[in-house]
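Each of the next two complexes has chain A plus one more chain, namely chain B in the first and chain C in the second.
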Partner chain A sequence: MNSVASPSDQARRDQAFESLLLLRRKSNVRRSAYYFVLLALVVWSIQVTIIDDTDWERMGSLGAVLKSAGRFIGVDIGLFPSLLVPAIETLVIASLGTILGVVICLPATWFGALNITPFKSVTYPLARLMMTLSRSIHEIVWALFFVAAVGLGAMAGIFAIAVRSVGFIAKMSAEAIEDINPGPVEAIKATGANTLQVVIFAILPQVLPQILGTVIFEWEINIRRSAILGLVGAGGLGLVFFRQMHTFNYHGVTSVIVAILALILIGEVVSHYVRKSII
Partner chain B sequence: MGVFVFIVWGIEYLDIPLDRLFGMFGRMGSTLANRYYPPDIEYIIDADYFQYVIETVQMAYLGALFGLALTLPLGWFGAYNVTPSRRFVYPVARFATMGFRAVHEMIWAILFVSILGFGMLAGVLALTFFCAGFAGKLLAEEIEAIDMGPVEAMKATGANLFQVVIWGVYPQIRVAFTGIGIYTWDVAFRAATVVGFFGAGGMGWYLKRNVQQIETERVAAILLSIVALVIVSEIVSAWARARVMKMK
Partner chain C sequence: MPILEVRNLIAKYSARGPEILKSVSFDVEDDDFFAIIGPSGAGKSTLIRCINRLVEPVSGEIFFEGQDVTKLNSRELRSLRRDIGMIFQEFNLIDRMSVMDNVLSGRLGYTGTIRSIFRAFKKTDIQHALALLDRVGLIDHVDKRADELSGGQRQRVGIARALMQDPKLLLLDEPTSALDPKISREVMALILEMARELKVPCLCNIHDVNLAMEFCNKIIGLQDGVKMFDGPTEDMNEERLNEIYAMEVL
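Up next is the complex of A and B:
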């Protein structure tokens, strides 16, 4: 069977090789077309957003820009003592918001996990809609809405954060529940348990670490969010930031940013240890 | 139990008027029904508004792109296993990533507006920093999880730093990086819809103007358009992610 290739064989092989080359050339052409389109998009976007829309005259030379950036260098040390209370406020708003968010999440998660949702055709899309709505509206917008509904103050901030975190927590939790091992669920159902018992004894033990991890992660993000809600009247560090900015106390602005960084650092350390102790 | 105590203490500390809570839902319902309904759809079906939407998309695109470009060195330097110097470069890169991420995109926007003036340049830069912090962390974690075998092998052949990164690290994170890129775009677009709130360009400016003029029906329409756009962008990115996963 290992005879010399006949001429027709050779021709066939050549043909196959040719078509392979052609295919490769085609995909190369397509790839460069992709890159070209991407590049054109970049150039167009730069043209519209950066070159046309910027008031270069007003911005002045590079030196002027550096000078106005330089105003922020320096920390107003005297401001720090008065930052303590707003910082704690920010932390508490973030924590309470996360807790309330978890409470709101319970139905959303239950309805949003395909394997335990009660009326698949109604509740599943409803939960998905809730999650998308919660995630797609920015926290500033939620805060504006709640400030209009419940008035200025920390409450609006808590609600805004709670509603905003529902989407992420519920989505991750629902996905965790969809991935569980169905064995224990079947086993507990076979003993005649009702739905609630199935959830408590078969589902929760399997997903609790994952859900707690998600909640901690969201809490960390919420600190960052609650630090700016004061910009629209929901208390905390954002309010101080706003005031410092409006009184042109640029060093004070830097101090507030330093305080926010410190808070985030604390949040990161706490969440690191909590997550380690869970897993 | 501890959580309960914390809730009570927190409510006490923040001085939250609980009695308002009970009237809240009724008031929210009537606010929504009387003031935000019906949304003024005509206001958003408008060439001017559409142009702002396009600008928002462009701003998010550029912000995500520049942010990802910044992410490459940040992720490389901030990954413990491949960083050029564990003692100096690694902590600096980690701290920069954390700082970029910790400062909210709104604060970046305000800072850049105050430095560069109103306009989309400030928005693009705010999104760039925000995306760099966000994607930098994900990328560094992804790089830390790679298989070190090829990297060691490359080093053994005498490859220099860049060669190791390009031929040993990059092929392993290519797909993950694409996924991060898509995710970053998603997040950047959501942020881009509101950075205009403080003068950094895009549709946020429309939102701010109408909020301040208490044109609630227009605000409702704008919010609806934001939700619709975000859903569209989510569908597109889900499709893109599915394609990337198939390439894996």
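Up next is the complex of A and C:
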């Protein structure tokens, strides 16, 4: 090979350089177009949601805004004793809702795990539909639905929490079952066991710690959920929150928020220790 | 009459897949300790799983005590499986259950569903399990969790679980492959001894030819799903072994 570049080599390199430049210019134009579209979308969003949609006159000056927000600073201590019962109610709604959710999860999990679902083409899609429906509808919407169905009160909250819990618990449990070691299943089948016996002896022992961990995690989340369900009349602390807001007792609102925080903290601590003892 | 007759057995893992077993036939007699040898992928595990239909054969017949296994409905299949004990390479114990519960699970085929939910096995079953655990040398480990035991001990639990079924036939799927050579020999000796004692014929997959020659009275050799040899252990020789394991040599 000749070490000195021949004229034809030079020409070839120039040509490669030219086409490279063209390619880079094209991709730069494309990139700029993306940035421009993105910027336009952001501007449009701000225009529609913030600039057009805000009642600027009601908001007034910056001072007025801070003053309004400042009304929430301070706690209505006198309210705390009357929060005890709603707080317990919130906890009970979360707990019973989780338990009922677990019951609903039994068929959803059984149908939703590919390796044990009984009629794959029917039951598997059914289970997936249950899980998706449960998760894609907000707990407030579920609560509205159940308030309409069974009336105001804790029962509607319990149903809403239960139905909302199914998606996550069943999905995690079904995936845990799909990941089991098939060896023990084979061994238990080989003893002449029926399907239920195989589930109890070969599958459950393998997945129980994981499922319990998921349930406790969901219970902790359900405390947060049930704390706000009262906003739509489904009992618990949310109902008190709603009442304080409507009587313009802003310090009372803060009291309720503090109570909710305390409750959630308790839930997290319990959840942490229970999960640790399982795993 | 042989306790087990296998005729022209063909098995596949998918409808369009290759044949794992290509028309295999053999008989197991009442007092046999029968070895199936052959290289990895020869179809040994598939063959043994066709006997109790953990794998569904595509065609062929399997007569167990004169009854065609391939024609049983699910209820009849469960009672067939109850009569056939099985021991596995990876033991397949329930790790989170006690040794006792693992052994008792061998009685599931005889136990009602409600009883098994509460693990309420019959007293006679518990006595029997204790006696078997004593016999396999694990009387001091009854309450331990299965995953606390060593490999050899775990396989002894597997043996006790299989014998808990009062089986009329034992299927052994590479029972010693996960164990070291010394323990392997002990476990094979224990299985042979107990099988003789309880008069249970055995059908054993094994890739360790020396163990097969030492413990088994009959051997079939499989290569790529085809039966290459079938006869008493005395008839097996170097030349025939080389033929069976030819693929590995290449």
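The rule we apply is simple: the second predicted complex is superposed on the first by the 239 of 279 C-alpha atoms of A that agree within 3 Å, B and C clash if a C-alpha of one lies under 4 Å from a C-alpha of the other, contacts with A are read in each partner's own complex, and residues count from 1 in each chain.
Here is the rule we use: a contact is a pair of C-beta atoms (placed from the backbone, for glycine too) under 8 Å apart; a residue touches a chain by one contact, two chains touch by 3 or more.
Just so it is clear, the model here is predicted, and its values are computed rather than measured.
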item	value
Contacts of A:154 with chain B and chain C, given as first, second, both or neither	first
Contacts of A:132 with chain B and chain C, given as first, second, both or neither	first
Partner chain in contact with A:192 - chain B first, chain C second, else both or neither	second
Partner chain(s) touched by A:212 [first = chain B, second = chain C, both, neither]	neither
Partner chain(s) touched by A:260 [first = chain B, second = chain C, both, neither]	first
First (chain B), second (chain C), both or neither touched by A:141	first
Larger contact residue set on chain A - chain B or chain C	B
Common interface positions of chain A, toward chain B and toward chain C	none
Contacting residues of chain B [partner chain A, same complex]	3, 6-7, 10-11, 13-17, 20-21, 24, 27-28, 31, 55, 58-59, 61-62, 65, 98-99, 101-104, 106-107, 110-111, 114-121, 123-124, 190-191, 193-194, 197-198, 201, 207, 211, 223, 226-227, 230-231, 234
Sites on chain A touched by chain C in the complex	183-184, 186-194, 196-197, 200-202, 205-206, 208
Chain B-facing residues of chain A, complex	41-42, 44-46, 48-50, 53-55, 58-59, 65, 68-69, 72, 88-89, 92-93, 95-96, 99, 132-133, 135-138, 140-141, 144, 148-151, 153-155, 158, 224-225, 227-228, 231, 235, 241, 245, 253, 257, 260-261, 264-265, 268
Chain C residues within the chain A interface of the complex	52, 54, 78-86, 88, 90-97, 105-111, 113, 116-117, 158, 161, 165, 171
